[in-house]
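When the chains are written out, they are named A, B and C in that same order, and each has its own residue count from 1.
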Amino acid sequence: MKQIAIYGKGGIGKSTIASNISAALNEQGVNVMQVGCDPKRDSTRILAGGHLIPAVLEIYRDKLRHGQDAHAISLEDIVFKTPSGIYCVEAGGPEPGIGCAGRGVLTALQILKDLKAFETYAIDVAIYDVLGDVVCGGFAMPIREGFASEIYLVCSGGFMSIYAANNIARAVQRLARRGDTGLSGIICNSNGDDALERAVVPVFAQRLGTSFVEFVPRSSVIQACELEGRAVVEHAPQSDEAAIFRDLARKVMENDVKVIPTPVEELPELEELYRKNLVKVEAV
Amino acid sequence: MEPDERDDIVFHGTLQQLVEKVERGEMVPKLQASHAPMCKFFTSFYVISGIRHVVPLVHGPTGCPLWVSDIVRTRECCEFRGVPLEPTACTSLDETNVIYGGEGKLLEAVKEADERYHPDLIVILSCCCSGIIGDDVESVAREAEKFVHARVLALRSEGFGGDFRSGYEDAFELIMDLMEPPKTIRKRTINLIGARMGPSLTEFSDDLDEITKLLHEVGVKINAVIAGGCTVEEIRRAREVELNASWCYDWGQKLGDAMEARFGIPYSRTGQPYGLKATEEWLMGIARPLGLEKEAERVIREETERIRPDLDYLQRTLEGKTAIIEISEFPGPIRALSLARMAEECGAHPVVINVHPYTIKERMPSIKFLLETGVNPEVILTKGLFRLGSFRSSRETERELEGIVSSFDDPIFFGNAARYPGCPVVNLTLLNPVYLPHYGFRGIHNIAALLRQAMENQRLPRSTLFRGMLYGNETS
Amino acid sequence: MRTMPTDACLDPYVRCALSGAAQTALGVSDSAVLAHAPQGCNYLVDGAFSWQDCDYAQTTTLCTKLCEDEIVHGGEELLARTILEAKELDISALFVLSACGPEIVGDDIVAVCEDMQPKVDFKIIPIECAGFRGSQYDGIDLALDAMLRTLAETRPTIPNSVCLVAPHANANPTWMADLAWVKDVLSRLGVQVVATLTHATPLSDLADVAAAEGVLQLSHDAGYRAVAYLADTFGVEPLCAELPLPIGMTNARRWLTSLGERFDAEPIAENMIADGERMVTETCRRRWPMARFFYRTPAAIVADATIGIPLVRFATEEMELTPALVALRSANLDAERLLERELNELGLAPQVVCGTDVYTTRRSLEAVRPRVVFGSTIERHASEGLDVPYIFEVVRPVRQFRLLNREYFGYRGILNLLECIQNEWSDRWRSTQRRYAARW
C-alpha cells in the first residue's frame, strides 16, 4: 500500500491536485482513499459531487454527546464511497479561533487507524490532503509512522508559495531523519506565469534534492470542473488537463523515491535563487 | 412502600435493561455528579508500574506523575506491598516546551533514565500537554532505542484522550510488542493476565495467592502475572504458554483477546472466581484445555469438602432472602456483580443498587460478558447517585438505601460497613485484611464468615461516631 | 558543594502549579473549586482538599472532565454550563482553575468567568494555573496573585495587625498546628490577624487584607510574590523576612523577639521565650529523650525549605548533629540565600542541593552517607541499602497517621520533633528476628 501526503501553502490548490490524482488513479483501477486533514473539511468536495461529507470529528462529537465514545464509531460512519468508487474521509475540526485543530487531525487519523480503515477497504493508495502549513505537531500526524511516507509539495511560481514549500520541507527534513518518511517531489500548480514557474520550480526542486514531478497549467477547464464539483477526468475526460492528471497519477504511482530534503536555511538565499530565475525569464 | 412506588428511584429494571439505556446514551449525562473515575493516564500508569525494573517516563509537567507515583509507587507499594522504591521519570514540561515542542527533551530524558536506572524497559507516557502539542512519542521511542540499553516503548496516554478502560487496554496492547516468538511451548503453563498486582491500589495479593495455590494443586505452572509484578523477561516469553487465563475479566479481556488474535494463544474466558460455581468454572476453564481435568476435579472435590460447612451455611442463610448489593469503590463493580451471582447461587434474590451508568459504560465489555454468562440481576438506581457533591450524594443515597432495604422482605445488605441499613450488613470491603481473600475456596470461607458475623451480630449497636463522620449528625 | 538536578529526567517531589493553586483556593471557606481540566487532574484537587484539611460535608469540588471533544473544539461552553451547575451550592466564591489542556488550546477562562458573573450570586475568581506554568509553589503564588489582584482593596491600616501568607506551603503534614501556634503567639502579643492566605479564610478577609500593618510569610517556599505585592501596592510591611521560621530554640527566640520589638511587646515576648524554654527543658528532664545520644552524628535534611532551613539549626544546636547534606525540594533564590546565611553563621559546610528530586536525593545520600536523615517516607525507601539507621519522618509523606495536628514551630514544636525522633529510635531497636520463641 502506498500512502502519500500533499502539503503546500494555503489556497495553492492542494485539494484540487489531490482530488484529481485520486480520480485519475481510480480510473486506472487503483483503490484510492483520500483523507482531508483540514478543519475546513472541503478536501473531498469535488470527489463527492460538490457536497461536503460528514467529518470524523463531527461524528465523534455526536457520539460523545450521547454518552458514547470512540468505540461506538464504525467505519461506515466516517468513510464515504463516491459513485465512481473513491473512498473519502474528512477529519474535520473546530470552528476558527477555538479549540485545537492540530489535535483534531491527530485524533481523526488515530480513529481511522484503530478501525483498520485501509485494511478493511483494501486500499492501494491513500492520499492525505493536509492544511496549508505544518503549524504544530498535530499537522505532522499524516506523515508519522503508519501513515504517509511519501510527501509531495504543491507550489506555484509565487515567491510566498515557494517560501511556504521550503518551510514545509524543513519540517519534513526533521521528521524524515527519524523514520522512513521522505520528500517525493514537487508539483507545480500554475498561477498563470508559466515561463517563470517552469524556470524557478525545477531549480527549487533541485535545491531541495527532489524531483519536479508535474506542471499543472492554469486552466479554465479545471476551474469549470471545480465549480461543478467534479474531477477533471470525469467531467472533461477528453481534455488536455485530464491527460495531465492521468500522467501525474501514473508518475506518483511509479515514483518510489523518498529523500531527506535539503531546504534553504536562510531567507536571502531563497530570495537570491528566486531573483536569478526572475531575471532570466525577464531577459528572455 | 414497594420499590416502584418510591419517588427517589430513577431506574428499576434488569442489568440488561440498564446496559441498553447506557448504550443508547440515555443515562450518561456529563454531569458533575457523574463520578469521575481515573483518567486514561492513570490506568496506563498502573499497568506499566506492574512490571519490574521499568521506568515510566512521563512526558508532561510534574503534576501528572506525581499524583500517581505518590499513591502508587511511594506510599502504596513501598509501605504495603514490599516493592522497592522504583523510579518515576518526568520530563517536567514547562511553557517553553509546550510552545516549542518537547521531543528533544524527551529523547534526552530517555537517555538519562537509561543511564541512571539501568531499567529493562522504559515506557514513555504522554499526557495532556504532549498529546495536544502533538509530540511524536512513538518516533522518539524508536529513535531512542538506538542509544540506550533498555527497550523503549511509548504509550499515548493523554488523560483527555480516553477513559479508564482505554488506558489499560492500550497499555496491555503495548506490552504485547515485547512478546517474542516462542522457541518452545511450555506444557501446562499459563499467563495470568489483567492483574496489576504491583504498585496499584485496587488489587489484593491474597486473592492471587489463593488462585495460584489452586493452580499449583492442579499442576498448572504460571509463566507470568501480567502485569502484576512480572519481569520484562517473563513478558518476552509470554508466548511460550499453552493458555492465557484472566485474573479479572474486566482488565484481562483485551489482552486475552488480542493475544489470541495476534499470536493464536487460546484464552480462557471466565468471570471472577467468586463463589463455588464461578470458582469451578474458572479452574476448569484452565484445566480442560491443558488436559488436567481429572486433577482439577479432584482439587475441586477436596476443596469443596473442606468448606462444606461454609457452603451449607451460605445456602441455609441466604435461601429466600433478598441480597441488596451495593457497588462501591471496594469491592468495585465487577466484584459486586460476581457476588450477585454467588448470592443467587445460594438461593437469594440479588438486587444491585447504585451501579453508576458511567461505570457500566467504562466496563462495558466485562458487563456484557457477565450478561452472556447469565448474570442479569435486578438493578435499582436512586436520585442521590446523581447528586452534585460527594457528601450530598452519599448522604442522600444512604437515606434512600435505608428506605429501599426496608421495602424488601428479609433483606441482607452486601457492601461495606459505611452503610447503615436496618438489616444485617455483610462487610465486603477489601480494606479489612482479616477476611481476605474473596476469590476461590478460601474466599467462600471468608464470605461465609462475614455473613455469619452480620447475622449473629445484627442487633449490636452501630457506631454513631462513624455514621456522623460519614453523613453528618443531622441524619438520624 | 551545591548541585541542581537536571530537568530533562526528573523524579519530582513537588507537584505542578494546578495542585498548588488548588491548595490555595481550597483554603478559602464557603467556596468551591472548579477545575477546568480532564478528570485525572481533579485528583490533584482532591489531594489539595486534604492538604487544606477540608471537610467534605462543607466543601465541594467540581471538574469539567474535559475529553477529546473539548480539546479539539474548545471547552468554554462546557465551562460556562458547569459554572451554572454550581448554583445549587451554598457558596460565596467559586475558584475556576485551568489545567494544561484548556490553556494550550486557548480556552479563555477569564472571559468565561466575566460572562457568567452576572448569572450567579457567588464571586467567580479565575486562576490560570496550568501544570506547565511551574511547580506547586508557583501555583500557590499564581493563586495568591489572582486573589489579591481581584479581591484585595485599599483599606485604612489597622494598628498592630498582620496578615499571614502561605501557611500551607509547609511540608509538616499537620502544618495547621504551625499556623495555630503563630496565631496564638500574635494574639498574646496583642496583634490582630486580619487575614490568612489561606486556611479556612472567609472571602471578606481577602478583601480586607491590605488593612494589615505587617505581613508575615509562613513559608520559605512560596508567598514571596504576595508579600512583595502587598508591600508595593498597599505599603504592608514585611515582618521577620530575614529570619528562618521558628523551629528550635534559637529560631523561636529570634522570631519572637523580632515580633515583640516590632509591636512594642518585648516583655510579653521575653516571657513567652522564657516560659517556653523552661517548659521544653523541664519536660525533657522528666522524660529523658534519646535524641541526646546522637552527638555529632552526620545527618541529612531532605525537606521543603520551610521545614528544612530552620531544621538545620535545630539539628545542629538542639540535637548536636552535624548536618552533612541539606537537600531542599524547592529552588528559590531567597530561600537559598537564607540557608547560606544560616550555614555561615553555624560554621557548617554540608552538601547542598536545591530543587532536589528523588534520584538526586538517592545519589546525594550515597555520596554523603549520613547516618540519620530528616525527611519523609520517600527517604526511608530511597536510603535502602545505604545503612542509614534512622529516618526521622517529619515531612510529607509520612507513614505514621496523625489524627491530631502537631506543630514544629515554637516550644511544643520542639517536643513534637523530639517525639518523632524517639519513636524512630525505638523502632530501630525493636527486633523480632533475633528472638527465641517463648513457651506460651
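In the analysis below, contacts are C-beta pairs under 8 Å (C-beta built on N, C-alpha and C of every residue); 3 or more make two chains touch, one makes a residue touch a chain.
This one's a predicted model, so the numbers in the text were calculated from it and none came from an experiment.
Trainee: From the Cα centroids, identify the chain that ends up most central relative to all protein Cα atoms.
Mentor: That would be B.
Trainee: Taking CA centroids for every chain, report which one is farthest away from subunit B.
Mentor: Computed centres place A farthest from subunit B.
Trainee: Go through A-C and A-B and name the pair with more C-beta contacts between its chains.
Mentor: If we tally the contacting C-beta pairs, A-B comes out ahead.
Trainee: When the centre of a chain is set as the mean of its C-alpha atoms, what distance in Å lies between subunit B and subunit C?
Mentor: Each chain reduced to its C-alpha mean, subunit B and subunit C end up 35 Å apart.
Trainee: Using mean CA coordinates as chain centres, what's the subunit A-subunit C distance in Å?
Mentor: That pair's centroid distance is 55 Å.
Trainee: Roughly how far is subunit A from subunit B, going centre to centre by Cα mean, in whole Å?
Mentor: Taking the mean C-alpha position of each chain, the two centres sit 45 Å apart.
Trainee: Which positions in subunit C are in touch with at least two other chains?
Mentor: Each of 67-68, 70-71, 104-105 in subunit C touches at least two other chains.
Trainee: At least two other chains touched by the same residue of subunit A: list those residues.
Mentor: Each of 65, 70, 100, 103, 107 in subunit A touches at least two other chains.
Trainee: Which residues of subunit B are in contact with two or more other chains?
Mentor: Correct list: 30, 132-133, 161-162.
Trainee: Which positions of subunit B touch subunit A when the two form their complex?
Mentor: Residues 22-30, 101, 131-136, 138-139, 142-143, 156, 161-163, 166, 357, 361, 364 of subunit B touch subunit A in their complex.
Trainee: What residues of subunit A sit close enough to touch subunit C in their complex?
Mentor: 57, 60-61, 64-65, 70, 93-95, 98-101, 103-104, 107
Trainee: Applying the document's contact rule, which stretches of subunit B touch subunit C when the two form their complex?
Mentor: Listed in rising order, the residues of subunit B that touch subunit C are 30-32, 36-42, 57, 60-67, 69-70, 74-75, 78-79, 84-85, 87-95, 97-98, 105, 108-110, 112-113, 116-117, 127-129, 132-133, 159-162, 388-392, 472.
Trainee: Which residues of subunit A touch subunit B once you look at their complex with the stated criterion?
Mentor: 65-71, 100, 102-103, 106-107, 110, 136-141, 144-145, 175, 178-179
Trainee: Taking the complex as given, what residues does subunit C use to touch subunit B?
Mentor: Touch residues, subunit C against subunit B: 6-12, 14-19, 38-44, 47, 56-58, 60, 62-63, 65-68, 70-71, 78, 82, 85, 88-89, 99-101, 104-105, 130-136, 358-359, 377-378, 380-382, 384, 397, 399.
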